[in-house]
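Below, chain A partners chain B and then partners chain C, in two separate complexes.
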Partner chain A sequence: MALRNTSRRTFLAGTTAAGALILVPDLIGQARAQTAGLRLRMERDNEILDPGYMVGGSEVSAQKQCLPFLAEYDMKDGEVSWRPTYYVTRLEHTDPTHIAFELAEGLVWSKGYGPVTAADVKFSYERMKGTDWSGYFDALDHVEVTGDRTGTIVLNTPFAPFILVTLCHGTGAVLCEKAVTEAGGKFTTDFPATCGPYLYEAVPGQRANFVPNPDWAGPKPAAESVVVQIVGEEKAANLAFEAGELDCTDIGADTLARYRTSPPEGSEITIAGELRYMWMGMNTEHPKLQDLKVRQAIQHAVDVDSIIAGAYSNTTSKSFGIICPGLLGKRDATKSYSYDPEKARALLAEAGVSGLELTLKTLNAQDRLLTAQIIQANLAAVGITVTVLPVDDGTFWEMGMEESGDGWKDLEMWIMQFYTTPDPYEATQWFVSDQVGVWNWERWKNEEFDKLYADGIAEQDLAKREAIYLRMQDIMEETGAYVWINHEPTAYVHRKGVTISTAPSGELDYRRFEIA
Partner chain B sequence: MLSDPSASQPGAGRPRQRSNVRLGQFLGSPKAMLGLTVVILFISSAVFAPVLAPYDPNALDIPSRLSGPTWAHWAGTDQLGRDTFSRLLFGGRVALKIAVIGVSVALSTGLILGMIAGYGPKWLDNLLLLAFDTVLAFPTIVLALATVALVGPSLELVLIIVIVSTVPGYARMARTATLALKNDEFILAERSLGASTPRILAHHVLPNVVGPLLILAAMDVPVVVTIEAGLSFLGLGVLPPTASWGTILNEGYLVINDAPFMVVAAGIPLVLTTLGFTFLGEALRDIFDPRMGRGRA
Partner chain C sequence: MFFYLIKRIGLSVAVIGLVVLMSFALLHLIPGDPATIALGPRASAETIDRFTEKMHLDEPVWRQFLIFAGNVVTGDLGEDVFSNRPVTQIIGENIGFTLALGAAGLGWAILVGIPLGCLAALRPNSALDRATGILSVGTIAVPSFVIAIWSLLLFAVTLRWLPAIGAGEPGNLPDQLAHLILPAFALGLGWVGYLSRMVRASLLEVMNEDYIRAANAFGLRPGRVIFGYALRVAILPTITLIGLGFGGLISSTVFAEVIFARPGLGKLLYDMVSARNFPVVQGAVLVTTGLYITFVLLSDLIIAWLDPRVRDAL
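Presenting the complex of A and B:
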């Protein structure tokens, strides 16, 4: 009877209302997830959260929120050191090759996997030696378990920065042995078990949500929850910040320069660090560049000051090597070259080279293209014709890899930038002889360099260690294969009242943010 | 032999009289004159860019970077201190080169393929139609991204992408016109007199189908120019330091807060060229095919 009296309009109104009632909780939930707590930005989806196979960046940030770490960065007045985390009651070198640790009481894995144990630490660190990030664990011999919560990290050689370089970074994350084993030994977009203030939820292509972990008994973070939106374009993220849609985002060189003179209202800038080094590399095995004099001519022809002014708005510091500002072994000047076009022409004449044509490959990013065009103009001034070839990410990172084919044979010059950790050993590891065809695309080998690399890891005396890294950079420069360019800062703009916490290499640690 | 079927229609008049009427219509159309003026300006500024440009478009002057419009630099300077006005003039040369070569090659290729499809056997028509539709269904940007990933960006690649993506449009139009003519009496008469297929196509079909295609070509010029600008904007077009409206627009976009004049300066020629060729094409279409013009109105 009731149906017979229902008009089409009433029916439509009723179903619309019913539909709305069903959708409202979800809409409210979404709105809450998107607006409550901190609103941050990441460039892409977190693809691999497993510390052994991660890409890095925002994945490290996710690990820091959801997994235990034995140590964390302690940055004061530009100095980078480490301190024990909430998760340990003891972490100290007992001798140069032994690090004793004791886990805090009451740490429990999510999903009913029980307490966090020293066996989990052993599993986590020893498995890293067989992963993509094994280089960070070269100095690890094994982990001794001495009790449920106690153990000793045993190194195969004295290596003082092990805690700072390896344990404070994403590689130092402790995993739940049982959960990871059940997951097949590795994981990708979800943590098998967590132990931290936040639980992790990802909406692919949109955002990652960090919501409160109800089982967490440790110190509560300042932000109840964190929403990290995926905004691929840095400029779009900057506009989102200016529009009040984000509480913090990273900024590039030109934005940094603009914000320094006229910052958005109610905002502050924090420089995370300058642990990036950029250079123009030359393939020493390429027929056009085999002659050392030609490479030295190119070194002398490039005006790096113009690059820093034109491509980086004078927001980056000039580089003289691969060791970044604030680290042991940072050089203050180049030794074997400086900007001198006359000398460049003379070296080319000595080499008997004229009408040289070269290709300079670079990532297709604005700052790199500007850098490349300045280099192109500089080299044109000494008679070298350069074709600038922008290439996309996928192609770029395989250009010098032997395992990717014979493309390295055609590689002539390129603009490269690496990130590093706060110890000089990390930056030097990519240029040893074993790395030729892997990351040493310049393709030179030097026995003294290889020996110094090993010595640098083991050396405990700071002065001697500094001398080692200075000499290593001299050797690199003498190959003529490098034109040092700059150390680009990792900078963030954030709301006043929000104190951000970052690793020296720029990864944010949301749990350590402070909110006034 | 009758190469123009419309000549036999009542009231069509003699060709010279019709040409005069059409010229009068063209000269009397404000839209046509505006379009023609802009197109002439565009072509002459591009051709005479080396004479008109006050500076070398690639000369760096980093201390003067991002300066606003001044008497010395009418459209300001870019991030490397290069004169934006000079770069715009030289960017016009790239646009003109792409437009002239791209549209000419696409028009010729499309015309030949379309006539073959329309006049040839049914199986060949179906095969070519499938090919045209396949290319048309492929988004230009996706095609560009895939090709650039394989061979790297270059002006030649932009040309190829422009030609490949615009050929099907001409070919489809030529095919339709050829199909309409295929069984006309004057073609049948030629065939019965023993004329070969190439001769029929070249001497009788071609003159009757090329007119509408030329109008389409005029209207395609701005499309091609924007394709080039779009690809260069994305870094898939010309190589640095070659100036292109797309690269200038992209560079301006990245410093829009510091130097908004760059985006405006790069946008103006793009807008004017697009409008100019569109007005010219529409005016030609209205004059040569008044039914189509009325239909749109």
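Presenting the complex of A and C:
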């Protein structure tokens, strides 16, 4: 008999191995057991949920699930507008400086803080004027409370994008006055009180859980619960999606290109928005670049199509200005330059410049370096020698700032990318005369531009606003200080059957997801 | 032994003092205003002022250092710039994951590497020895992050046997163990090679000693000669390697924690450097260094306890 030949040791080894074999599927099963509900990704912990002091990004997503908002983004056919949320029965401009609102009935704060009132709206918006995000509320004068659930937002000046920019973003979250006051006036990693379909629980360093709110009487979201895993590296998140552990994750330009040609099985791609604009800037006060003809020569020498193909795998839109796709005032073409090396050489000859040597500074990131190298090759072809200088964040963001010393005087060319909000005014504000030495590193001033900036904010007529912003970009281009490059998209890959909802700036709104 | 202990602890304290100084210098060596660097380019003037005051950045540098060092001595590593949570609490939430990963990574490497080394030493130049040699050099030569990515692609993405990301459901031990397998495998594989080569070399050296020949001549069983006499001496350099290795693993878990999206000190450090959250960076660097020094000290003490010659050497 075989058993008679089995020693104690071989018996123990055999049973251990058998036990391990039994355990392995169980371990895997346990690992898969956590996949119920919607599984998403965020880059880091939500450190400050308070809309007044938040960093942004996933914190806005959390606010949208747990706090009332008066307005939300409405994106149709690539156009961005707003609509009232479930939380209000009325939200409308009664005149250019007054916005009337009425809260819906039956809205209740968690933890026994009672109904959501117009006084909470007043508290929430007026407190924002003293916070890190006060810039969004510059136009707010005060909020008049006219009843328990009714009130009027009073602006100190006509500000057309107030609802779209201020109220639809995380800054527009309504807080419970009593709960926030009891919490000491501000909060960080937990909401003092919530009113939304989900309650929020965070496991620091690991995940944020959104579980059903038992007090919520409003429309039920498609996903009963949402687990948002912290995955710092985008590439790791992409692999996790391919491994079936995430239902949706954001993807960068190279992954977008790869997934477009060979998408993971059962997946779809959604472009959230393209609210980033990148350009190559030139310091108009630098002795080497003071001559407009030299700057125009550089504009003509750069082949932007090559950059988009070479550095961004054709996944980004070509830029023709600072106003991003989907926004009022987006340009369809440049007016004063196009890729023309012959013209560039002629302009340099006209300027009497030869053997020009310039330094191009960029953030030390792969796509930016590739962009810089293509520009370097383009300019070399017209006789300009460019030294590419990659710099780290801390140094980069101070290069053109006067308050950081005299470094701006040596700044020649740089590659810059800004994020913006879904209204054209935000992108234009960085280039008015007051911004020279702050964010206008190109250092030009134009009275017409400054006037148009003020006009654009106050103008309510859409056609007139559009004309204003188109003209502002013409002025920028005519300075010769800009080579428009691209608008990088915020893209998501997700399971088929899951329709995602995002803000134009990319923040996910889980409650508005649809699941087939 | 007592004096040896005092001397080694004194040395360790001096190293930690140096690390405190370097952690402090971190914030000031980076070009630009520390507050602007920490808070980002669009932080308001009020926020920058609040941060400057909170971090004592308006004080002379020597005074800032004294405040920092004094706080470290009392166990106060400061507060997270953004969330205002105590740094010690944040580190406390992460340190367990790193220790578990380090222990699992090195643990399986010890379990496999030492027997492999013994087997190779017992039959030098045999096919098994050659196979072990090739395997060992192979695992040492391939960077751990490559192993991590390949194992993730194979076992998580293609076969879907094991989870790809995270540390598992809190309170669910099987789930947490399942999430530990791939990162521990990637972290420990190189150490299998190191340990087996080290044990093989030491054992071969010891096997040629007179007292082992004498034991063989007395007719003792090979198992008793190897495990009873030879390995006890041959293991000493391996213990030092394990001590250094565990300390090193603690600071090198960063790649496994980043690739497998696990919480831990390495990932915390990586994230906080990216976010320029310097109080947390300083705290994590200090704790990581402290752990490294502790493990090296422990291995030195074990060696000294086993080998009196080492005690006298210092």
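Throughout what follows, the second predicted complex is superposed on the first by the 440 of 516 C-alpha atoms of A that agree within 3 Å, B and C clash if a C-alpha of one lies under 4 Å from a C-alpha of the other, contacts with A are read in each partner's own complex, and residues count from 1 in each chain.
By definition in this document, a contact is a pair of C-beta atoms (placed from the backbone, for glycine too) under 8 Å apart; a residue touches a chain by one contact, two chains touch by 3 or more.
Being a predicted model, the structure only gives us computed values, none of them experimental.
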Inset, instruction - Name the contact category of A:290: first (chain B only), second (chain C only), both, or neither. - result: neither
Inset, instruction - State whether A:395 touches chain B only (first), chain C only (second), both chains, or neither. - result: both
Legend entry - Partner chain(s) touched by A:204 [first = chain B, second = chain C, both, neither]: second
Inset, instruction - Could you look at A:89 and tell me whether it touches chain B, chain C, both or neither (first, second, both, neither)? - result: neither
Inset, instruction - Identify the partner contact of A:336: answer first if only chain B is touched, second if only chain C is, both if each is, neither if none is. - result: neither
Inset, instruction - Considering only the touch criterion stated at the top, classify A:188 as touching first (chain B), second (chain C), both, or neither. - result: second
Legend entry - Where chain A meets both chain C and chain B, residue numbers: 394-395
Legend entry - Partner chain A, residues of chain B touching it in the complex: 58, 60, 62-63, 65, 79-81, 148-149, 152-153, 235, 239-241, 250-251, 253-255, 257-258
Inset, instruction - Over in the complex, which chain A residues touch chain B? Could you list them? - result: 235, 254-255, 258, 306, 309-311, 364, 366, 369-370, 372-374, 376-377, 387-392, 394-395
Legend entry - In the complex with chain C, residue positions of chain A that touch it: 23, 26-28, 30-34, 44-45, 47-48, 55, 132, 134, 188-189, 203-207, 229-233, 236-237, 239-240, 242-246, 393-395, 397-398, 404
Legend entry - Complex interface listing, chain C residues touching chain A: 30-33, 36-37, 40-41, 43-44, 46-47, 80, 82-85, 90, 93-94, 97, 152-153, 156-157, 160-170, 172, 174-175, 177-179, 181, 258-261, 263-264, 267-268, 270-271, 274-276
